[in-house]
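If you scroll down you'll find the structure; I have some questions about it.
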Amino acid sequence: MKMKIGFEVHEQLATKRKLCCDCPTDYREAPPNTNVCPICTAMPGAKPMPPNVRAVDAVIELALMLGCDVVVDKPIYIQRKHYDYPDLPAGYQHSSTPIGINGELVGVRIREVHLEEDPGAYDPVAGTVDFNRCGIPLVEIVTEPDMHSPEEARRFLRQLMLVLDYSGKVRPEPGTLRADTNISLEGGTRVEIKNINSTKGAYRAVKFEVMRQKALIERGAVIPYETRAYLESQMITVPMRMKVVDFHVILDPDIFPIVIDRARVETIRKRMVEAPHQREQRLAKQYQISQAVAGVIVSERELANLFEAVAKEVDPKLVATWFQTNLKKVLNYMKLRATEVKFTHKQLAGLLRMVKAKRITPEQGELVLRKLVKQPAEPEELIRKLGLERLEKADLRAAVVRTIEENPKAVMDYRAGRKEALNFLAGKVMKFTRGRADPREILKFLRAKLKEKKKRRVSRRTKRSK
Amino acid sequence: MGRGTLEKLKAILQGELSATENVQQALNRIKELDKKIKAFIELNPNALAEAEAIDRKLKRGERVGKLAGLTIGIKSNINVKGLRATCASRTLENYVSPYDAEVIRRVREAGGIIVGMNNMDEFACGSSGETSAFGPTENPAVLGRIPGGSSSGSAAAIAAGMCDLCLGTDTGGAIRNPASHCGVVGIRPTQGLVPAHGLIELAVSFDQIGPLAPDVYGAALMLETIAGHNPNECTSLDSPSANYSDKLGIGIENIRVGTSPKFSELADSAVMEVIDGAVEKLHDLGAEVVEVELPNLEKSLSAYYVIMSAEFFSATRKFDGRKYGRRIEEVCGDEVLRRIKCGDYISRKDQHDRYYKRALQVRTLMRREFGEALNKVDVIVGPTVPKLPHKLGTKLSPAEMYAYDYLTSPISLAGICAGVIKAGEASGIPVGLQVQGKVLGEGTVLRVMRALEAAK
Amino acid sequence: MSNFGHQTFHRAVEISSGVWMAEREKEVGRSAEEIVESFARAAEELPKLKETYYSQETYNVSRPDGEPSREEERTEFRKRFISIMPGADEQGNLRVEVAKWVEGR
């Protein structure tokens, strides 16, 4: 069944104070209604302070990252959007006219990007409101209905979250996403869903809604235009029974319009962060690595930064392979994000140089990497501490000879055709050399030695029989 | 009313009259008269203590502010921390202000003693003082008549000598109208000159806080105390601070005073007679009187009401009864409800262009016409209210009531300043001359007003 | 002082039912629409000009981001705010209605 899905996504912008007052924006530890003042609680007569310029700049930057045209040399108005809801102390929400228009992200058109204010936190079940977050600047991103399945919707949201995360312009704490989605099935009506707070939630809400609407259409029922709420706990949507509201939009007489000139846009463009989807393309091209690997590398901004720093010093292809496999593996295992990594790019580059020069084996490299992540130090030092300096060939040969001599049964087994005996012997050599030897070398030496002795014995036997 | 503001201030500074005595006198007078006048809704229980603090400062020879020891009344739509800003409405009957308006901060810093909160038309919706939920205010100058509004209690308090100075608010004429009817001095400052933070909105793009005073000196003193840039407000003008009270006596020779034939078209002849007399006096004092064109003056009223209603609807959405007070639609009077309904209708998406946008075009027109007229003259003088105040309790239709604002609302649309001073009386009823000045032309307006005052 | 008439008023409010309120809203609403229509007529033949939305023609009045207000500054306001709330819970949340779409679930 054909369907169209669009989003309105809101994220809090990372500013120190709110959009139109001096209250702090970090409310997570704060008891209810402590980060508030007469302005953000809409006390009678309180007037907004002039808007926080960092919030406006952040929206411009995000618009650029999403490939939008920034509205320049034309007034951008701060409007009042009126509706009656407990989380909205003034009875209206500040919402700017578009700052960015006509963008695109992974094939989904971005209709507009603009600035808004966060309402308070309303607990619809308890019937309580906390205004701590009320007045925090938000970016609102509105897409065209260009997604055609719940999976596409999820993919877009993930990518969008990545862009926002990359930008460093939104609050870093998880759980600040607020999305509304609209879904219409072929032969149906557009339905809006509010109260979505995560990518997972969006996926489930869309999935549920598609099923619900499909069932209705199949039964021949008419889908009414309505606004529904997603109930996270039950993973269903329910009608909000809202009257069709006219927002009575007026320009806020309290806040003068903003005019952005080209110079401001260019300044921001110069210092702006490269969007992950753009960076992915560039990395693949610049470092001659596959799109898939580049995709893994850009999955975190810090990871990509680290990659580029290391790739300047060591063969980029080796670095890419390491990032995709070893580093990702270690980080995942330790449940770390790239931002939390403490070692320097120099240390990692040093380690990879040694791998490249075959001074240590890849396995040893990973061992060092694990240490590096736990407790950053110079790789040389770690290798010494771990006793991982590579064995001289003679020492390895000696160890192999000794192992063969000390394990006649295994040798016999091997010669009798039990291949797994070779692994046993290799393990013994490994133990003997305290893991300093490259397993591939061990096997090579072992095989050669075992063959050699066999030959000699055979020749002896031949002699006797003669 | 006793001595003038300057003399009173001198007496306090020189120790002839203590601030405490001054406050006590005000409280006595209120106690004596306010049952009848109803100029106050609430009194400040700390007024005497605040006065004592000023007296201690004076005794120790410490520096005190411009308003040291003067008694101040505050219109009930301005936030004074700890007092109720009711807007004379049941909606905010129990709303105790949790913060000070910026002007209140300035008045306190200047040593003014707030004696109480003045009665007013409910949410400033009215031009007669009759829409207050706490009962109508009397006109002390002509008992039995309306004092005008919406700063009814403020003008009446001054007229009855209940306090030295008042802060009122003017949206479409709410300072000037009652000043005219009560025979006191009132100023509507240029839009943005006086910080608005803490003023409970009627229509935020027109609302202005301004002084009501028994004399021009008092008005000038209060204005220079509260005027000046507030960087925390977008719409606050970034203008240099001005001193008005020092330059009042310069006289008006060479001042060009404009009049318009429109005024006599719109105002009753009884009113015009007094106004013409005052214009003649200005001429005698050395001013050059010139006729100016204000071709669309009468068109401003409806535009004003459209814009005001749209902004009022928006501003009242916060009165949902959840955070404080009661839901406005459930407890407000008819006039407030009517304006909310008007605003609701006007700012609907499908109606927006037909009413609201059109009214905003008329605002442009008014700005243009006054701008052109004031290019030719320093001030324009004329009547303040077209009619004399009606008897309390007379039933007027909304349209008749709105017509009181014919001559004051154009100034609000134009964004300029205007002052009102008593020009004389018509059958014993005060008639105020409206002196309309350029943007930030308060100094000139006050000079003209002072010249007329001194000539009495 | 003029706090007269409270008792009578409150009784009137209590007696007056929602029906009366709705009637009043309807009636006042009608008069409002008539008034608005007459306002519109008054401006009909005036020239079309650019709209003036703001008290001044000023752009880009903004303020920099910076250190937020201090907690001490906000503590007093919080106390006063909670004291005027119609209802608050022990933590200081404002008490309001439970959402309609949650009721009955």
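Order as written gives the chain letters A, B and C; numbering starts at 1 within each chain.
We take it that contacts are C-beta pairs under 8 Å (C-beta built on N, C-alpha and C of every residue); 3 or more make two chains touch, one makes a residue touch a chain.
Source: prediction; values computed, not measured.
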Hey, which chain is the most central one here, using CA centres?
C
Contact-richer chain pair [A-B vs A-C]
A-C
Rounded to a whole Å, what is the gap between the Cα centroids of subunit B and subunit C?
23
If you average the CA atoms of subunit A and of subunit B, how many Å lie between those two points?
59
Taking each chain's centre as the mean of its CA atoms, how far is subunit A from subunit C in angstrom?
42
When you check subunit A against every other chain, which residues touch at least two of them?
38, 41, 43, 49-51, 86, 129, 253, 255-256
Which subunit B residues sit where two or more other chains touch them?
95, 98-99, 205, 231-232, 234-235, 322-324, 344
Each of the following residues of subunit C touches two or more other chains, namely 53-56, 61, 63, 77, 81, 94, 96
Would you pull the subunit A residues touching subunit C in the complex into a rising list?
15-18, 21-25, 31-38, 41, 43, 49-56, 75, 86, 122-131, 229, 231, 238-241, 251, 253, 255-259
Subunit C residues touching subunit A - in the complex, by the definition given at the top
53-56, 58-69, 71, 74-75, 77-78, 81-82, 89, 91-102, 105
Subunit A residues within the subunit B interface of the complex
38, 41-51, 80, 82, 84, 86, 89-92, 129, 246-250, 253-256
Footprint of subunit B on subunit C - complex, ascending:
1-5, 9, 13, 21, 24-25, 28-29, 31-33, 35-36, 38-40, 42-43, 46-56, 61, 63, 77, 80-81, 83-86, 94, 96
Flag every residue of subunit B that touches subunit A in the complex, lowest number first.
77-79, 85, 87, 92, 95, 97-99, 101, 196-201, 204-205, 231-235, 310-311, 313-314, 316-320, 322-324, 344, 347-349, 352, 356
